[in-house]
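Per-chain numbering from 1; labels A, B and C assigned in written order.
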Amino acid sequence: MSIDYLLKRLLWALPTLFGVAVLVFVLVRVVPGDPIAMMLPPGATADDVGRLRALYGLDAPIAKQFVVWMGEVLRGNFGTSISLRDGVVTLVLGRLPATLELVIVAVAAACALAAVAAVGAAYFRGRWPELLVDGAAGLVLAIPDFLWGLLFVLILGVLLPLLPISGRIDPTLDFNPATGFYLAEALVRLHWTALADLLKHILLPALALALPLAAALTRVLKGSLIDAMNQDYVTLVRVKGYSRSRILWRVALRNALIPTVTLTGVQFSFLIGGTVLIEYIFSYPGIGNLAIAAVNQRDLPLIQGLVLTFAVLFILTNLLVDMAYSVLNPKVRQS
Amino acid sequence: MKAIASLRNPRVLFGVLVVLALVVAAAAAPWLSPNDPLEQDLMNSFQSPGAGGGGQAHPLGTDSLGRDILSRLIYGARPALIVAFVAAVFAGLLGTALGLAAGYFGGRLDAAVSRLVDIWMSFPSVLLCIVLAAVLGAGLHTVVIAIIVIDWTRFCRVVRAETMLQKSHDYVASAVTIGLGPGRILASEILPNVAPLLLTLFTLEMGIAIVVEAILSFVGLSVSSGMPTWGGIIQEGRLYVNQAWWLMAAPMACIIVAVLGLNALGDGLREVIDPVKAR
Amino acid sequence: MSALLDIRDLDLQLQARQPLRLLRRVSLQVAPGQIVGLVGESGAGKTMVSRVVLGIAPANTCVTHGSIVFDGRDITHLTEQQRRHLLGREIAFIPQNPMTALNPVERIESQITDVLRMHLNLDRTGARDKAVTLLREVHLRQPERILRQYPHELSGGMRQRVLIATAFSCKPKLVIADEPTTALDVTVQKQILQLIRELQRNSGTSILFITHDLGVVAKLCDHVVVMHGGRVLESAPALKLFASPGHDYTRALLAATPRFDRPGDELRPIPAVLTQRLADEARALDARDM
């Protein structure tokens, strides 16, 4: 993929981001609830409220507020969180690595699950494993993902307490990461205890997040695999003496990935939206969790910053999916 | 009659039973529930379900404030059903109106509506939903509005495609030639043929609405009064899940059954309606 | 000299509510170093014969009678495992459609070296060098460049040469070519046929050449087998068949072939009477055998 193409895509994204920014800005200011009043103790006078409002610039007309805000944003200043008294950028960047790690683990888990399930179903075409896979995929898609998260908490966290159901890491562990990317650091520093603990904590939320994507991927991948197996190039490799498993895993799967990515590409970005609830359910310290807290507190600057962050993540995910597609399909690559 | 015959389809049967159960629970709540859902009895909190704990008085146990879970669940069917029905109806009206217009009139109107749908659908829906709820404040009306705003596109897309398909049929051409105006044509020719599809969409939408309502009340953004909602009960139960897991499990089961039932109804109706499959 | 491939009375049935006989007591032999042409209209069963030999007949078919003996071994009912040792190494295949027969997501190199590494146990560099030599043998220029390319970057003729190179790569005893020139332009067809003849002469490999084009058979084959409706109607050395055909159908086929040196001739299709007679004969055979 050429740099030109990437730049063009990023430029296209800007109007969307702008639109999102405007929408959120306007939306939260049409608020009946008053965040300023919420911040002050009950005995506050109208005067106090007025002064605080002026401090946050919330007394100016909406259009002026927007211009001011845009100006600050372009300077890299997203304001200060009303509820947490810290810079929005700091807060978001502090929590972002956790969410990124969660998303990456979830995507990897979804792809692995889907690959095994789809290949298994295609290999055992017409027999019970295929029916099992179809049924499981249907069941997973029927139950909304936030309920899966809760089911995991209930069954695997409480009834059969196999895994922790909150947090990211055991606070008593002797692990002092320098960055926010705990998993990556533990891996690089070969800190096995920390790594094991981190994986235990991330497993349930990542699985809950991954399930809907895995189910959708499995369905499409299975269909594409069956199509691929009927192609002439598969006949040829059979005649060359390839084993059945080699044909499935190395020839059919590789080809089946192309239409699969086309059809399910958009689901990857839905995963980003799913982090909001899943992080909340598992008290996982990422930006999803922060978003719920911010909304509950009517923390306008934080809400705005987070919505923009999510929008950027969406756009980046879609871009990554496109890039993956061009890697998978040699006919599309620029030579 | 075809409606009764459709009950032979196992999915439709299951779905109808679930819907009936919901309707009965919601309508007859005061008579069905053993206790007052809001009555607190701190002496009897955290009673487990069954004979050992709650016994006859509290078959599903009690929560942290001693309130009867079964009663709360039964009453919880009310907001679930109201929200599901109202939201589905209005999302359906909005989406169908735009879908019919876009599909029938085509051209610039269609382009505009399609572009709108695309942009709308590229917004992260969970986040939008929560932000909207925060903006509009607590209350069932919030939930309903949030669902309508987010999900009208589902109806719009499908209705538009179906309208375009119907429009290409001969009976529409002949209606045009005998001078019927677009309004008449839409109402008398196209709508009746789109209607069966709408029924399936409607049931699916209800399932989605129940989930959204549960999510919003789970996050604390739905009804603020003490009226029990399934999502709210889950939220309360979450705090005590280690001591009293049934507090979370029971409302979850309700939601799962409701959603599965509505989905089954939607799928089953689609099978029954689609003449190709029925053959 | 005993035949390399000896098919005797082969029966293939399609399992359905009404079982259908696809091959009716087919017998044919290919001697070592011989090029045998298998001719017939579409649906005559020629492709099906090759599929049974290769072990890739459709899953719902079944060999109900007869035997296939290859190089002294009975290969009629082999397991998947046993057959894999045979395929690619001793029996190779040239497919009909070069546009769809190559894996679109793999480079050419891996699609030639796979058999070399699987069957000849060559290592990566050794296989690569051999692949370059093979591509030169099929008269492809810049073989190193082609190895790095993907199938969609090559023309149909080039792809077919790659497929032919792959087929001959492990020095098989028998190459089955399923209408390898049908999907190509006429000019390219001629080159490919010349190539196949050249490679055969250099290696002494036997070829079972499936085609519906008698002109190709005349140019290439030593021996001809004529099929119709799943039956072998005639089997004779090429020269003899063309000079004095034994069966009415063969005569009709020859007559139906358009001749460039007699452009004014009218086209003579196979007479319906003949087709009917052949169908009746087939039905009678089914009643006797099934």
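Please note the rule applied: a contact is a pair of C-beta atoms (placed from the backbone, for glycine too) under 8 Å apart; a residue touches a chain by one contact, two chains touch by 3 or more.
A quick note: this is a predicted structure, and the numbers were derived from the prediction, not measured.
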{"item": "Pair of chains with maximal C-beta contact number", "value": "A-B"}
{"item": "Chain separated most widely from subunit A, comparing mean CA positions", "value": "C"}
{"item": "Distance from subunit C to subunit B - Cα centre to Cα centre, in angstrom", "value": "61"}
{"item": "Centre-to-centre distance between subunit B and subunit A (centres being mean Cα positions), rounded to whole Å", "value": "26"}
{"item": "Between subunit A and subunit C, centroid-to-centroid distance (C-alpha), Å", "value": "53"}
{"item": "Subunit A-touching residues of subunit C, taken from the complex the two chains share", "value": "54, 56, 80, 84-89, 92-93, 95, 97, 100-106, 114-115, 118-119, 150, 152-153, 163, 166"}
{"item": "Sites on subunit B touched by subunit A in the complex", "value": "119, 122-127, 130-137, 211, 214-215, 218-221, 234, 238, 241-242, 245, 248-249, 252, 255-256, 259-260, 263"}
{"item": "List of subunit A residues in touch with subunit B within their complex", "value": "16, 19-20, 24, 27-28, 30-33, 142-144, 146-147, 150-151, 153-154, 157-159, 269, 272-274, 276-277, 280-281, 291-292, 295-296, 298, 303, 307, 310-311, 314"}
{"item": "Interfacial residue positions of subunit A with respect to subunit C in the complex", "value": "231-233, 235-244, 251, 254-255, 258, 328-331, 335"}
